[in-house]
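Quick heads-up: structures coming right below.
Each of the next two complexes has chain A plus one more chain, namely chain B in the first and chain C in the second.
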Partner chain A sequence: MERVVLALLITVTFACTNEESDDSQNADNFDRSAMLVHWADDYIMPAYQDYQQKVVALNSSAQAFANAPSTVLHSTLHTDFVAAYKAWQWVSFLEIGPAEANTLRNFTNIYPTSAIEINQALPNASYNLSLPSTFNEQGFPALDYLLSGLGDPANTVSLFTSNSDYGAYLLALSQRLADMATQVVNDWQSSFRAEFIANTGSSATASTNKLINDFVFHLEKELRAGKVGIPAGVFSGNTLPQNVEAYYSDTLSRALFLESLLAHSAFYKGTGFKGLQSGSSLEQYLDYLNIEYQGEALSTKINARLETARLQATTLDDSFARVVQNSNSDLLSLYDELQKTVVLLKVDMMQALNVRVDYIDADGD
Partner chain B sequence: MRYSLLLLSSISLGLVLFSSCEKEQNTPINNPTVTAPLQYSFERNGASTVNYSGQSQRLAMGNELSAALLDFGKSAPQLQEIFANADANGNNVDPYTDPVLNASTKSIRSKVAASYDLFSANTALSAQIKADLDSFILKQVSEVFSAQSAAAAAGQAGQIADGSSVRYVNSHGFEYNQFLIKSLIGALCTDQILNNYLSSAVLDEGANRINNNEAVLLEGTNYTNMEHKWDEAYGYLFGMAADGSDPLASLGNNDQFLNKYLARVNSDSDFSSYASDIFNAFKLGRAAIVAGEYDVRDEQIGIIKEKISNIIGIRSVYYLQSAKLAFAANEYGTAFHDLSEAYGFIYSLMFTQNPNTGQPYFTYNEVNNILSDLVNDGPNGFWDLEASTLDDLSNQIATRFSFSLNQAAN
Partner chain C sequence: MLDSLKYYLKQHTEAAPLAVFRILFGLMMFISLLRFWAMGWIEKLYLEPNFHFSFYGFEWVKPLGNYTYLIFMVCALAALLVTIGLWYRIAISTFWLSFTYIELMDKTTYLNHYYFISVLALLLVFLPAHRYFSVDAYRLPKLATKHLPRYSIDAIKALLFIVYFYAGLAKINSDWLIHAQPLATWLPGKYDLPFIGSLLEERWLHYTFSWAGMLYDLSIPFLLLYRPTRSFAFTLVVIFHVLTRILFPIGMFPYIMIVSAFIFFDAGFHQRILLALQKLLRLPKTFLSPIGKAKFDLKLGQRVQIGFIAVLLLSQVLIPWRHLFYPGELFWHEQGFRFSWRVMLMEKAGYTNFTVYDPQKKERFEVDNQDFLSSFQEKQMSFQPDFILEYAHFLERHFQKTQQRGDLEIYAESYVALNGRSSQVFINPTVDLSQVKPGWANKTWILPFNDTIYGL
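Right after this comes the complex of A and B.
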């Protein structure tokens, strides 16, 4: 009991200290509007356009393969699949506006996919891919299963040749990805860009507040938990190697992780989509407010953490499933590094920017 | 502003803690004649005197019921058999996947709204409550199962996304499986613990005190009747623990009922002593029974009644407020799931007991008024709910308890 009281007194002391240190910070006159324009024009729209291009190409090669299955066309299809899946990593966290309205991420990248449900759906030809219960039967994880989960390329080709249900399902999936991407790009161009950059201010529904939440949520739930923590067994008693992203392609999970990490860094630092054009960023915002963390600029600290995570990941096997099986502690260290990044962003950065966290941990039931 | 609030709340919390420290010194909790053991473990002649197997079985049946309520292949009579462990004519059935449960004569339904204090002279109300719960099962099949492959909309039953999960709702956004399971937290667990096994009418029934003082054991057992009644109360909270003598080690991972939500409440920093407080009260009360120290026992009963009642109240408010946030973010599936859980917790409020009055914090009629407000903002139930209604109802509930709306909400 005394210990609890002591802890509270310490909390009170810290709270006082924090209040004083507020004075040394700049008042928040940061130009959020310029940041929104940079986000929209230098990152979001070019990233979506790139993604749309890649899934349209994927859809074309899926059509070619379904029409005349061959190992050559399978190889082309898989190459286009990888390119599109990587492009997806750049837009995955942008769950705002049209993507939010259509819950794009749920329909694009819920994994592990359900091989059982896919095989049940295949012969029906009446699948309704707009139902939430089909999240785990579509998108990239389901394509991954169809391309690499049915056997080696020769086996896959013979399955697609002997049973047209496979080709029909493949096309339904690739067409849906292309349609959804086109819809989002069109909505951004026709109306949502204007709405997005006009929604300045700092309320809970302002563009800045919403997108910062989306960004931090994604880093926490998708990059840290989905790609690393869940397969490493952080949230379960045992490891779950079959839950890595792109499980059936086997050697793709690390590349997708790194691509996603790169996208998060670019957004945070304001270097634009793949270095397209730099602009006003979260990093600059923190520096503008002169936010320090343990005697160092918070922005520098966050950069260092992101870079450490990247370096750690580059030393790992390119299959995270193999890492789980052979040296899971390496994946756990990567998780720990990402967790420290989450705390810096979710607690220190969001408090400094006066952005309230708008999500809570799901109940789990 | 944010820091000032933190400062204020920290100081006021500190004051509360200081005053509670002082209070503790004046109460006989530290009665030197009885001390709580480290674990819930009691022996006589070298053998354990603890037994709550009937409670463990009912909780295990409840876990099977919870899973079956989302098994679209099940018919209403099949679900009803899992609930009642009997067919419509009362004949024995084997509805469980676990053969131990099929061999059992216990059932969930027979212990719904069946406490001595509230229902021994109010069988009409008990029957009404059982009928309420039966109706949740029937409607889960007739309204929700039948619309498995439809997309839910206002006035249309079907499925709806809650994040990356799928929820199955009726045309008003109701998840009847949540209605039922959360209602059982009150109608089964809380009612049996607070209003039955920890009731003086049950613990001190007949010659229980004399027999307990003189260690007269129930025939064929190693425990007195009073010891056993206490253990049965304990079993409705901790009966599925991996190690029943050390239940906090696996808290929250054991069943879908009160245990799980004690863990949830305990993980809120405003209530972080709940699990240890309740566990300690159960241990000390049991030790007091062994020592024949009934005043100490009754003090522990007061603690348990207050804290378990608070769990029901806290989760009612928590889910109403969570739903408000979800509506604000246009996340209807998330909101409906929160509201469906809230519905069951609110239903459970009628089984709480205020230790100061001996009465439930809310009566059946008061609960039904709240639930009626919750589903009647418009023609389509949860689809039409307004934030102001959620705040009104949250406040109505929180004001009866010692916690604040804000403490419960996060």
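Right after this comes the complex of A and C.
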């Protein structure tokens, strides 16, 4: 008897320690590691490289403008600002690896920015932009304030000419964006890509699980709430037009929203960064598992919702702040549409793909 | 009848199985608590969240800030004392109290196996598990004995019997047997396991595991009780629990169940374990062969203990059936779902948001759950009605206090998916939850389930 028990206990110990090792032989028919490779090579790395180029360009036109402020250079700078801000929308949800380690999103796009704090920081040449307390004094929203929040371009030029503090702050902001982007691109190239595609497991910290969580979280909190719900007053009872993204540029908020929506769709459908190269996707994964939603393919349903949201947004004024003031119910109905998309992604898709919603690896029973 | 009961209660058996059980139980608990601490779960689950979900009637049980560590320390220390059998009654009572307190602090972390530990610990409070091979028996020879009333070992067997058998009964339903759910959802997600990973997508395997799981739970208590099948049954216990350990994140539970199954073995087996232990630790001979011969004579004290044991076991037989008082689908409304050994029965996920309406100021706004709940709490809240209600009441109090508002109306927009079905609206969106009283009454504000699950 004891021998049986002993043998079994040894088996238990062996089986359970063995289980910790994560060397996957991935014989699954749906190739999840192919999906990771597609994400890394056709979406994430090209998107980051594009973003890096755009912020580096932004940084050099900021230098040119700070050195010799003029309305012509201001216009170039603003064009580069818009291009970089749009490029940012493609990488914003990738809060994994180097971006996660550096809390890239918090340092890049916390809005509304604080004009008060920026004006307090301006005269001190020694601002420390790596402090979490300075989230709302930097990144694109702060640049937006410096470029378009100080008056018309002529006014802005004269302020920059008369007070070098503005130029110095502008450069600190653009330099920081360029540095952070370069850091993330380098980390992905040198080591994180390999780590990312090797982490094929199914645990809460595996790449697929984490990135799907990031993706859905971003759609819920940034696209649905940040860009639409919060300015429309969904969470406050009263409308907050000043909380739209790129508030000072005025006519940019809808374009940024659409860019972000496009990025989410591309990631979900697996069409790659700006249609670069298609590959295995969440959409295919759902089809592979044959997941239905009320008699229809869930993947189709999600696509339809994303498309409806896009069409709704295209009918709106290009300034969401104006939409809030003039016809907020339109923005609220866009919010409702996005809300339905979140339900399909967060409840139906994540359940079907068996992706755990939380990062806490607590026990189940 | 009464005579045969009296005869049974007077029967004696060897004390070794209960001593081994006590030692291993204490040790397992000690390791579990250390593991819980080392994983950082005390902070994550009890200290970081600002709000905690309470069991109805136990709202006063809350984490105690940094003193929460103290509760864990006391609990772990008590577990060690149980293992060595020092101040046993105090130790096991302290263990039961502190462990149960921990479980009551936040029902977000409710697990059937934690409940099992609480019930088992309470049972052990009334069992003479310290009369043999313990420091107590060594230090107080008049306590020591090699023989115990038979019921003291049978009581543990009975509890294990109930746990397994009820878990098996709960699996007799159409989702589990006809649709192989939730295993068909869970198993493919473990594609990355060595050797078996590729099989886990196979439909036939989902059915095999579902049916085998049901048959295992229903038959294992009988196979363990019956001597000729016992070794075979224990092999099954090990295979089953190792498999669950590999496939699901269930922590220490499989080990606890494997070790608990030892109680079904004959005394000789336990005697040899104790002999090995005595040699290994160079314990005095009196640990194995006590001088004392304590008597169990069915006097008042012992009768009271027997009464408690009987009530406890009877309650375990009855409590799992309380769901019969509620109409509708149990998996959907979950009224009577907990505390009834419905283990790993469903994959349920939800998305629930709340709208606050201030009728005086005519203001309406949505709540960002992240402002108040951890991601784990939000996940659990999103599909469990009692969580939703408790949280709605909290939201009313919170906004009344922080924003100087009067009576508020709280509405839930809730979508829930169960066992691979499409998500559907869960909570009646027109019901002002702030007006709903918590309690045992049927929750009519849960919308009916769109489908039917047949079975127990």
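The rule is simple: the second predicted complex is superposed on the first by the 329 of 365 C-alpha atoms of A that agree within 3 Å, B and C clash if a C-alpha of one lies under 4 Å from a C-alpha of the other, contacts with A are read in each partner's own complex, and residues count from 1 in each chain.
Please note the rule applied: contacts are C-beta pairs under 8 Å (C-beta built on N, C-alpha and C of every residue); 3 or more make two chains touch, one makes a residue touch a chain.
Here the structure is a predicted model, which is why all the values come from computation and not from measurement.
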Looking at the overlay, what does A:A225 touch: chain B (first), chain C (second), both, or neither?
second
Now for A:A40: first (chain B), second (chain C), both, or neither, which partner does it touch?
neither
First, second, both or neither for A:S202, with chain B first and chain C second:
second
Contacts of A:P132 with chain B and chain C, given as first, second, both or neither:
first
Which chain, chain B or chain C, ends up touching more residues of chain A in the combined arrangement?
C
Touched partner set for A:I110, first chain B, second chain C, both or neither
first
Of the partners chain B and chain C, which touch A:V342 in the superposed model: first, second, both, neither?
second
What residues on chain A does chain C touch that chain B touches too?
1-2, 4-5, 8-9, 11-12, 15-16, 18-19, 22, 351, 358, 360, 362-363, 365
Under the touch definition given earlier, write down the residues of chain C that touch chain A in their complex.
39, 41, 44-45, 109, 111-113, 185-186, 188-195, 197-198, 201, 231, 234-235, 238, 241-242, 245-246, 248-253, 255, 258, 265, 269, 272, 343-344, 347, 349-351, 353, 358, 361, 363-368, 370, 374-376, 378-379, 413, 415-417, 420, 422-423
Help me check something: in the complex, which residues belonging to chain A touch chain C?
1-2, 4-5, 8-9, 11-12, 15-16, 18-19, 21-29, 32, 200-202, 206, 221, 225, 229, 233-238, 289, 292-294, 298, 339, 342-344, 346-348, 350-355, 357-365
So in the complex, the part of chain B that touches chain A is made up of which residues?
2-4, 6-7, 10-11, 13-14, 17-18, 21, 24, 148-149, 151, 159-161, 163-166, 256, 260, 264, 322, 325, 328-329, 333, 337, 341, 410
Could you please specify the touching residues of chain A with respect to chain B in the complex?
1-2, 4-5, 8-9, 11-12, 15-16, 18-19, 22, 103, 106, 110, 128, 130-133, 135, 204, 351, 358, 360, 362-363, 365
